[in-house]
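Okay, handing you the structure first.
Labels for the chains are A, B, C, D and E, by order of writing; each one numbers its residues from 1.
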Amino acid sequence: MSLSVDIRRSLGGFDLHTTFDAPEGVTVLFGRSGSGKTSVVKSVAGLVTPQQGKITVNGRVLFDRETHTDLPVHKRRLGYVFQDSRLFPHLSVRDNLCYAARVSSRGATDPRQVGDLLGISHLLDRRPHSLSGGEAQRVAIGRALLSAPDMLLMDEPLASLDGPRKAEILPYLETLRRETGLSILYVTHNMAEVARLATHIVLIDEGRVVRSGAPEEVLTDPDMVRLLGIRDAGAVLSAIVAEHLPDGLSALAISAGKLFLPAVDAPVGAKLRVRILAQDVILARSRPEGLSALNILPVRVLAVRRGEGPGVIVQLQAGEDRLLARITRRSADALGIVEGADCFAVMKSVAVSQTDIAVGLQTGL
Amino acid sequence: MSLSVDIRRSLGGFDLHTTFDAPEGVTVLFGRSGSGKTSVVKSVAGLVTPQQGKITVNGRVLFDRETHTDLPVHKRRLGYVFQDSRLFPHLSVRDNLCYAARVSSRGATDPRQVGDLLGISHLLDRRPHSLSGGEAQRVAIGRALLSAPDMLLMDEPLASLDGPRKAEILPYLETLRRETGLSILYVTHNMAEVARLATHIVLIDEGRVVRSGAPEEVLTDPDMVRLLGIRDAGAVLSAIVAEHLPDGLSALAISAGKLFLPAVDAPVGAKLRVRILAQDVILARSRPEGLSALNILPVRVLAVRRGEGPGVIVQLQAGEDRLLARITRRSADALGIVEGADCFAVMKSVAVSQTDIAVGLQTGL
Amino acid sequence: MIDWLGPDEWQAVALSLKVSLWATLLSLPFGLICALALARGRFFGREVLNWLVHLPLVLPPVVTGYLLLLGFGRQGPIGSLLDSLFGITLAFQWTGAALAASIMAFPLMVRAMRLAIEAVDPKLEEAAATLGASRLRVFSTVTLPLILPGIIAGVVLAFAKAMGEFGATITFVSNIPGETRTVPSAIYAFLQVPGGESSALRLVGVAVAIAIGALILSEWLSRKIAHRISGT
Amino acid sequence: MIDWLGPDEWQAVALSLKVSLWATLLSLPFGLICALALARGRFFGREVLNWLVHLPLVLPPVVTGYLLLLGFGRQGPIGSLLDSLFGITLAFQWTGAALAASIMAFPLMVRAMRLAIEAVDPKLEEAAATLGASRLRVFSTVTLPLILPGIIAGVVLAFAKAMGEFGATITFVSNIPGETRTVPSAIYAFLQVPGGESSALRLVGVAVAIAIGALILSEWLSRKIAHRISGT
Amino acid sequence: KADDLTVFAAASLGDAMNALATLWTKETGQDITLVLAGSSTLARQVDAGAPADVMVSANDAWMDWLVEQGRVEVESRVDVASNRLVIVAYDPAAASRDIITAQTDIVGELGAEGRLAIALPEAVPAGIYAKTALTHLGLWDGLSARLAPTDNVRAALALVALGEAPLGVVYATDAQSDRRVVIAGVLPDDSHPQIRYPAAVVSDSRNAPAATRFVAWLADEAAQEIFARFGFLPIGPGE
């Protein structure tokens, strides 16, 4: 276990009582505003002290009420990216980035690589007050990265970044994690970030963990659909890169057959995770012909959940994997989609886009 | 014209030169981080003074270099929601909300309605320092709303809110606009917010307006796809509510036929806008049968844009409207999708969700 | 306790309190205006105002007293003006003692307030303006409450300083029992004669107790307000 | 210019500068520690420390000088201890004048620094800690640079006050030419004899010029640093 | 140098002591360091072990106190100068060398508002002498509510010089030098104890022989001439 949290803390009517174990990789803390995500992250960082409990990172005990262990913040070796950027106003961007190297033996002294990556190299000689909100937050991320932490804590780090920048930074966080084994505890409201980054999800509500597990499980659990938001429901499949095709597509082998995606940046044989949103799946009783959608998989209906709205969530068995589909009740009735029915799932290849592919890890898959 | 901006301002290497006219409704300023969005909004509010130019709101001149007009901030009657919440730390949440009423004759004194709406009624007696980031921002929004402004300026107001909260607040902003005729200048990175709220879009890049127009035009312009981000490309159609069906669907009449959507909250006969993402559209040469997708429209191919990737953007004529579809080159070749070809566009009804429906206005449609 | 100090000494204590209170309260608005001008003003002569305000801190008090005498005395230009226009006489009156005390305490008051004003986040004032508050309203509803701890600190510091002021006061308004004989003047008188130390020390005790009481009160008030604001 | 003041007067000016500089520099670390303790400390006796620091502001300077004489004189408990342990004598030495000046200036220095420390956003210090900085490092790399304007303000204010200090100095270490006869003491001596006013006024001019020079320098420095930090 | 002397002298003697020091140095080659402050300050400092060789006080009280404390050599004590109290006025028309008597209408001279500037009558030597004298003349009760007491006699002089107080009681030495005031009357010598400036050798003096010689020299003719030049009176035959 990379991170193990078991804490209790009451403050002014809000009662935090959070227990979860997170494996290596990216653990996403997900929950509504005011549910206690920041409080958990602060407890791990040592910025607030829980009244009860124990926190360990990679087996290192950071806090243990029982043994009166309470490592000071600067010895916890955790990089914290705050909701607000908290840049040092008296230092240039460069000195902000290299701050960790200056105050400890850990940090890196060359900000260029990280600077290029976050698109802040041209800002190195500027001062924080002249940066826009997004620029400041990128510098804050770079500063935490350059402190060479055992684990990164990120509290909605991308909330103030625009889409293209997010898309640029996300793969770097993945690379980082893959190449350095760096684990991340990541707070976000954004499902795309969850899907892209999470190797583990902790759903938190009113200070309590309501679900903790691999994205494959948590995201494909029809019971979680309401908590996650209907638009964000979807399944995560394991896949292996089978072939890179000349027309810019890649074929991925999954247990139910083949998926065609826009070229993925992974060698043949690499393990991947693929996320397919429930609303992107069309069902047909017979194999449809002459469609622009390339991916058609034979599936069997496992369960049909009716909600209050006009839609139903259909859980499907696709080979050894599970899929979710969201269709109208009208269609379900018209096509006879009932438990045990065999049918075909139609997905546009492009609906499974780059940002929903996470290059796989041994852990969490 | 509700808002007319024509300003020039240079600061430390950054050159703002922004000119646009925005109709009533919600004008979304969209652009990457550091492109100058906040600078424009601040100029309108009077917090920074442009070196050149003129700004009018509803015909009222706020700033005019020529005539040396420069209304002070508090006389501009604009409600500003900042990127950071800027709550008054010495006042309770209630007093923050009622601040405008206290200092001017304009504001409303009863915070309950707005409080309930933003989910902050239980916080009224709290102090700002004890609020979570999202809670604070909701209070800031409420405070600006309660100042009864001529126009709202919102600088990424929802960036720190979670999905469900966003979804709760967005319709309120729409209602507000509809019922009070309140115009909003809205800065966001988030395409969902753009699609949901915008009656006008101003695309800004490096301080300059690259495109300004109705969402129908801007979003369906294949040339804009790159700037907007490929995943967010899509078309906006005008529709009229035709029928509310008993199984929770609504039928909308569009120029090309009928669309079935989850029940929309508008009376029969109401005008709506419907956004259909390019990636949610499947093309078929012959009308497909036995699919769970309810919406199948006959269309004609207007243009096929090949990009660098494996995908192509297909612009389609659907009745009098235009649609965009993103499919793979492989499918385009296999199905013979070329200019002038007749085919069918397949869309899942549920792919057009609540949040992509904007209840229509006379203006901007 | 009543016996512990003689009636003359009680009179000095009462007078010191009166003089210091008036000195502090009357200089409050001017101090606030000065602090605002120094913190926010961008006018010509700002530097000059700044060092004028600081002058009493730097000068030996006797010199300040002498200058006051030159300016505010019966024959002094300001003194005679005040006299002819409003019939106000400062010389040899407790009001003059209050003037001397307030001038000596002024730099302390202004500094404390100025620092508080400079610490106010202008972003909050911007926000208030967008909500329709005129500059005056912004000041009274945002700036003022936020600098309240600084104002209290400034006022109390000025009060404490006024309680201890001696050199300028005695030079300007002399040492008239019941009128201008404040506690420090009384202490001085005791110290001038052999064996007067114990009487002097009793008065020192009273002065210190009052000043410390005021300081503790101000700390407590500031803390309370700060708590309301930041919750820490 | 050289002729304008006599050699004795130049000596007094030079001595005042020496005494004030040493007084300021030596009290700097203590002032900083006190300010930190008062701003951040949560210890028992914090209030007591606070009012001890403020005492010289409240007391008539003569009393402070008298108390110093009692404590730090040759016969005084601290004075004799310092003498026997380290061979340091303060009584009637310029070092004693520096002590008196620094004690009188101490409250001003501590207040300025304390306010600056309280204005530092603890969130920045938290951020520094998460980046691996120990408390000491956080202080030296974040807190200290951010409070630098406050430190400068405190130091310069203390310096100006030390330049003007008279009552405590003359009472504690007397008025020995070349050793403890600072500018204010010289002014006093001039004022005590018939016809000395013009000499006194010349010295006042010098003292004011030096103090104002220091104040202007500090304003300028603070502004420069503040500009680097906030860009305003 | 070993023979150099440090002389603690009441500040009001400053000018005269300066001239005396110069002369002494010329005669003996010994430098004199002159330390000027209020008598009370100097006395307490001598008591606290100040490095003084000679103490010259502005009144008997502090010298008596030092004797009590055993801080000065009693045998060396000698009065070196005397002074006279005068009433000074701001108004040049009031100039007069008349002796103040019980009939003098000082209150009348003060006018309706005016105050009599005076050094602190219960604390500062000049004030104590003045109070004694005015009491002796039976004028005190009428004046006690019309006083402007100051911390030292120079400040009283300044009040008159600036016209803040129409009249003041000061030493003759102070009155003669300030052209802004005129002497309006002289307090009779017999109305108060003789104004004396006693000098003595400090017990801890590291240079007692020279100090003893210096104190004795102050009473000599040459020194007395200098005192006279600054307006001081010669020491009369004590009472």
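We adopt the following convention: a residue touches a chain if its C-beta (ideal position, glycine included) is under 8 Å from a C-beta of that chain, and two chains touch if they have at least 3 such contacts.
Note that the structure is a prediction, hence the values are computed from the model and not measured.
S.K.: Could you tell me which chains make contact with subunit A and subunit E both?
M.R.: D
S.K.: Listed by label, which chains are in contact with subunit A and with subunit C?
M.R.: For subunit A paired with subunit C, the chains in contact with each are B, D, in label order.
S.K.: Enter the angle, 0 to 180° in steps of 5, of the rotation superposing CA atoms of subunit A on those of subunit B.
M.R.: 180
S.K.: Using mean CA coordinates as chain centres, what's the gap between subunit C and subunit E in Å?
M.R.: 36
S.K.: Would you mind pulling out the distance in Å between where the CA atoms of subunit A average out and where those of subunit D do?
M.R.: Computed value for the inter-centroid distance: 57 Å.
S.K.: With centres defined as the mean C-alpha position, give me the subunit A-subunit B separation in Å.
M.R.: The answer is 26 Å.
S.K.: So what's the Cα centroid distance for subunit C and subunit D, whole Å?
M.R.: Those two chain centres are 21 Å apart.
S.K.: Using the touch definition from the top, which residues of subunit D touch two or more other chains?
M.R.: 66, 188, 191, 232
S.K.: Considering subunit B alone, which of its residues make contact with at least two other chains?
M.R.: Subunit B, residues with two or more chain partners: 84, 130.
S.K.: Hunt down the residues of subunit E that sit against at least two other chains at once, touch-wise.
M.R.: In subunit E, nothing touches at least two other chains.
S.K.: Report the complete set of touching chain pairs.
M.R.: Result for touching pairs of chains: A-B, A-D, B-C, C-D, C-E, D-E.
S.K.: So in the complex, which bits of subunit E are touching subunit D?
M.R.: Result: residues 6, 8, 11-12, 14-15, 33-37, 41-42, 44-45, 48-51, 152, 154, 173-174, 176-178 of subunit E touch subunit D.
S.K.: Once bound in the complex, which stretches of subunit A touch subunit D?
M.R.: For this pair, the touching residues of subunit A are 45-47, 72-74, 76-80, 82, 84, 86, 88-91, 99-100, 102-104, 106-107, 127, 129-130, 143-144, 147, 153.
S.K.: Considering only the defined contacts, which subunit D positions touch subunit A in the complex?
M.R.: Spelled out, the residues of subunit D in touch with subunit A are 123-124, 126-135, 137-138, 141-142, 145-146, 225, 228-232.
S.K.: Quick one: which bits of subunit B touch subunit A in the complex? Just the residue numbers, please.
M.R.: The contact residues of subunit B facing subunit A are 12, 31-34, 38, 83-84, 130, 132-135, 138, 156, 159-165, 167, 189-191, 229, 231-232, 245, 247-249, 260, 262-263, 279-280, 282-286, 288-294, 309-311, 325-332, 335, 337, 346, 348-351, 353, 355.
S.K.: List the residues on subunit C that touch subunit D in their complex, please.
M.R.: Residue positions touching the partner: 47, 50-51, 54-55, 57-63, 108, 111-112, 115-116, 119, 122, 150, 157, 160-161, 163-167, 184, 187-188, 191, 197, 200, 204, 207-208, 211-212, 215-216, 219, 232.
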